[in-house]
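Several structures are given next for inspection.
After this come two complexes, each holding chain A, first together with chain B and then together with chain C.
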Partner chain A sequence: MNAVVLTPAMVGQVIISGILAGALYAMVALGLALIFGVMRVINVAHGPLLMLGAYGTYFLWQATGVNPYYTLPVTMAALFLVGVLLQRTLVFRVVDAPELSSLLLTFGISIALVNLAQLAFTSDLRAVEFLTASFRVGPFALSKSRLVAFLVAAVITAGAFLFLQRSRLGKAIRATSQSREVALVCGIDVPRIHLLTFGLASALAAAGGTLIAVIVAIQPDMGQVWTFKSFLVIVLGGAGNYPGALVGGLLLGLVEQLASLFLTTQLSEAVAYVLLVLVLLVRPTGLLGGRQT
Partner chain B sequence: MTLKTLGCLTLVAAVAAGSVPAAAQGPIRIGASLSLTGTYAEPGRFQSEGYKLCEKDLNAKGGLLGRKVEFVVYDDQSRPDTGIRVYEKLITEDKVDAVMGPYSSAISEAVANVTEKYRKVMVAPLAATTSIFKKGRRYIFMIVSPAEVYLEGLVDIAARRGYKTIAIVNEDTLFPKASAQGTEELARKAGLKVVFKEAYPKGNQDFSGLLTKLKAANPDVVAAGTYFDDAVALARQMKELDVNPKMVGVTVGGDIPKFQDMLKQTAEYIYGSSQWEPTLPYPGAREFHDAYEKEFKHEPSYHAAAGYSGCMVYAEAVKKAGGLDSEKVREALLGLKLRTMFGDFQVDKDGAQVAHKAVLLQWQEGKRVVVWPDELANGKPRFPR
Partner chain C sequence: MRAPRPVALAGLAVGLAALAAYPLVGTGYGVRAMLQLFMWVALAGSWNLISGLTGYVSFGHVAFFGIGAYATAILITRAAWPWLAAALAGGGVAMLLAVVIGYPCLRLKGPYFAIAMLGLNEVLRVLVSYFEGLTGGGLGLSLPTLHATLPIYYVMGATAAAVTLLTYLVITSRFGLRLMTIREDEVAAEAMGIDTFRHKLYALLLSAVGPGVVGGLAARDQGYIEPISVFPLATTITMIVMVLFGGKGTVWGPVLGAAVLFVFQEAVWARFIYLHQLLFGGIIVAVVLLMPRGVLGLLQVKYRLPRTI
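Moving on to the complex of A and B:
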């Protein structure tokens, strides 16, 4: 019945979609990778933090009518503070604890955030109607909102890498993730680095939220799927390996889209997880290897 | 024990005296689980408000059997497994006197096993899939017209206009699947060729791959077995990917006022199936709309009207049966023939609806216009370009 013949143009279209989505995955997952790399904490609340960012954009846009992309610095700054606060009050307690404790704690934070959001914002579906059309380039349709998301995510991700690579603080973060003891001996204020890391990671999630709010409708439990995707990305790329998040993100975006073209939408998620199992079997440390930075 | 006996005696005495004083007994508690959060929250909350308004209206008229009516509602998070737990709890722990159905076919199907086990009559106002009622269940009753014909109007208009091809997509759960299959059969009968068909998982937000294929199949008509969230996402992404068929129809979502609030111009020309509209010529439809708007500060959708009507139908059957006994209420429902603000009610021997009619509406200049069937229409379908 499905007499659809796949043409190169269609494959091109989904590759474009995959790359556009992949950059966003990479940016959001980089936050998860940072926290894991520095503290060995798997932050299950990463997606719900992204959800808060999305709501921030929605409400600012609703209240002021500004271009929703202008809310980016505000949501990032706000979520940076939320992240710092979470680290300062809760997460620091589990940094040295077994990984199960940190999973339980962040899982609890995640549930709390989603339910608070349901109380505060109700579970109404909301959408930021902005940039809904697309550019046509030859046979391809380029969604404007996804294109902007791609560009902004690429810039932010590049900025984050530059920061980690070049700046003193970035170097301190990488040093801490390589060896906390040595970092401590070298005079790095490790608890402060932890605060900064969690703040930065939350800001990255917030940026994801802002960009996604313009693409899909938002609701309080939109975040969990982003936790899973980010987790998938960092395992694919190599947990704690920051460039790995980039590779993993693009790979996940492409695999999802190609699978939904060649197979079905239903199978595309399964394919992503099969890929995860394969990577774990063949290269348990991820495609780029584990946590060297 | 003695208290219970005493209460029982009082009841017997009161019945013997010919009237049950409202104060002598507690309220009739009706339990239900509804999707107040999660993927089905949008229609689920309309249904919940429908129940609430029914409770209010019944109580304003002296309650049911002389007792006050009180709804006990829990959130099932749009999940069948949670729904099952809720009905178990309602029946065994809360010991409610009666139950009403949850939102969606999938959750009704799941919880029907619980309500049947305890022999509780369940009017399921938002279970549209016929198969639920054809499994030899005794106590479940249908209000809306079946899933299989939700998009009959879309197919009919397309065929009359001479369109040749149709693409059918659906969420892979009970109701959307049944409506996709029903639409496929209707389309074949009407001489339309099904050029593309694909299901997607519940909660799916990215339709790029699916729509890329759909676009290549170049159908005249797109029929989608959706709920609200996916209907919104599909409409947005069709625009993003420049997919422009001549007609697009969705099963659920297109009827909800927020569809247009969220999508604005993107909603234009989209068809939605509806089981009820305030403009339809049913007794009390307009009054229900106004009372609802006054109570909840927004317009009702058909889910709200179905919930309200289902609750009223149940109350009517209880009155006819003269009590809450499952067998008697069941008999009463099987024999009931009603025309409410929601339209007609009559079920076959399995409890499946045979009288109610669905309509098709279209978004035209930001308004819902009923375009099918002709005898209920208040406008003509419009076509882009």
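Moving on to the complex of A and C:
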């Protein structure tokens, strides 16, 4: 590692890049946090669902030549259905089972999805060539695709929070995650809330996939690392604490960017991991505090 | 606890003797295949020790295999250790890694440990590629040529037997009962005065040593290792499938699962690499939903077999 001289411009660039990446992390992680909050299930297949969204965008873009961002509603709707289907056929059976069952079940689903994708799409790297340039604003370089990803992710995340805070269904989701029994007694159709939650979470993953597909090349096993990072984000923010996902996402984005100043790109991948271990050692309930699991 | 019946013991002795004598009559391919099977028995049995007994799922158990392989290869190439000592040291290094991971992640309930393990082999792969001076980086490490298939066959077999014996000893001990209490209800276990963190950590240590040794032996046997060859997710998946299929939390389940799935894998699935992984995913889903106790678990219930089988 070489000694790095930090200029204010570099620090600014790190903060900007970190925030840009952080919004994306927050949006994807919110999906994982929702499923965990409502059903106490960690969906190991969250990343592979994101991968499906990315491929959806790639193929729609390739087939029609349409602006890849216009595929967003399509991939989100499609993955919403996939999520509902998974919940309806498989996951609902393990909601009340011990953790071992739900972890293993979603792990099995994850393996099946990744290998289906390898069979169907091969393991070749594929890239959506769109918006590859970047803006220059003063001393800072802003990749266009990352900027769009940030804006879209921020809007979708804000929409999701608004939905959770204000709408009747959103309130029902939060009520179910606070106490399933009480929600049931209040007349909330809990199994339906579970379906909706899994669908929404999958749609959030799909949105992530669409945005990522324009930023980097995609391949079938791209998803695993997103499961891991999303989990890290909710650990950082405090499991079961939805706004915590925002804080966790931004924090992860910043730390990763900061690390890339000092470390090789390869090594900065490991930083997320070190962060997880450190947070668990120092403050296991997350930075904002959360419900004990 | 009931003592094992003499008939069962005699059968076991005959079986072990047959395996020990097998290289005298077997073909070269047959011996290599058995060596592989021993490896899977040891790996599956080790996964069972932590995940089958405590219910804490390890999604990255291959990390212990990989770090054992690297420790062994480095000791052989850089320090000229004899391979047996190096492989045993590989087991020790794997236990060290287990402490580093287990200490933060096992203090908590829930899926922290599972996901931490999911990320672990990615990180190790990155680190191994990074420290090129020691590990050869992406180019990998070549070990000096050595024709030792037969000694490795016996040591691998002994490791598989040791892991299975260890499982039997744990399951029939008070320690094992406490682990299973944690699996069934961790809060209750704590209320009964069990130091759950300590017990989980010990279980993780026991489950790390086998893969570490086996990884070292496999490295010696193959003569060449690189980051992608010793940290594949597929190996973890295979371990999990074998244990789930055979029966988690049992002594012979991992052995049964390893034998059945290994034979199928060699005979049929190896030709369809993605399809076979897809099938593994399907088996995990099916076993979790349809027969969570695995084949042996079903037989236990149906024929009232002892818990210690």
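A few notes on this one:
Note that in this section the second predicted complex is superposed on the first by the 280 of 293 C-alpha atoms of A that agree within 3 Å, B and C clash if a C-alpha of one lies under 4 Å from a C-alpha of the other, contacts with A are read in each partner's own complex, and residues count from 1 in each chain.
Please note the rule applied: contacts are C-beta pairs under 8 Å (C-beta built on N, C-alpha and C of every residue); 3 or more make two chains touch, one makes a residue touch a chain.
Owing to the predicted nature of the structure, the values given are computational and were not obtained by experimental measurement.
Bringing the complexes onto one copy of chain A puts chain B in a clash with chain C.
Contacts of A:Ser145 after superposition: chain B is touched, whereas chain C is not reached. With both structures placed on the common chain, the touch criterion links A:Gly244 to neither chain B nor chain C.
Of the two partner chains placed around the shared chain by superposition, chain C is the only one that A:Leu103 touches, whereas chain B remains out of contact. Of the two partner chains, neither chain B nor chain C is touched by A:Gly53. Legend: residue contacts after superposition of the two complexes on their common chain; A:Ser17 is shown touching chain B, with no touch to chain C.
Once the two complexes are overlaid on the shared chain, A:Pro68 sits clear of chain B and of chain C alike.
By the touch criterion stated above, A:Val277 is placed in contact with chain C alone, chain B being left untouched.
With both structures placed on the common chain, the touch criterion links A:Gln266 to chain B and to chain C. Within the superposed three-chain model, A:Gly208 lies out of touch with both chain B and chain C [touch as defined at top].
Overlaying the two complexes on chain A leaves one chain C stretch of 217-225, 235-243 or 253-261 clashing with chain B, which is 217-225. Comparing which residues of chain A touch chain B with which touch chain C, the overlap comprises 118, 221, 225, 264, 266, 269.
Residues 36-38, 41-42, 45, 172, 194-201, 203-210, 212-213, 216-217, 228-229, 232-233, 236-237, 239-242, 258, 262-266 of chain B are the ones that touch chain A when the two sit in their complex. Of all residues in chain A, those touching chain B in their complex are 1-7, 10, 13-14, 17, 21, 118, 123-127, 129, 132-134, 136, 141, 143-146, 216-217, 219-221, 225, 256-261, 264-266, 268-269.
Of all the residues in chain A, the ones that touch chain C in their complex are 42, 44, 90, 93-94, 98-101, 103-105, 107-116, 118-119, 221, 224-225, 227-228, 231-232, 235, 239, 264, 266-267, 269-270, 272-273, 276-278, 280-281, 284, 292-293.
Interface residues of chain C, counted against chain A in their complex, comprise 51, 55, 57, 59, 101, 103-105, 107-112, 114-116, 118-120, 122-123, 126-127, 129-130, 183, 233, 237, 240, 244, 274-275, 277-278, 280-285, 288-289, 292.
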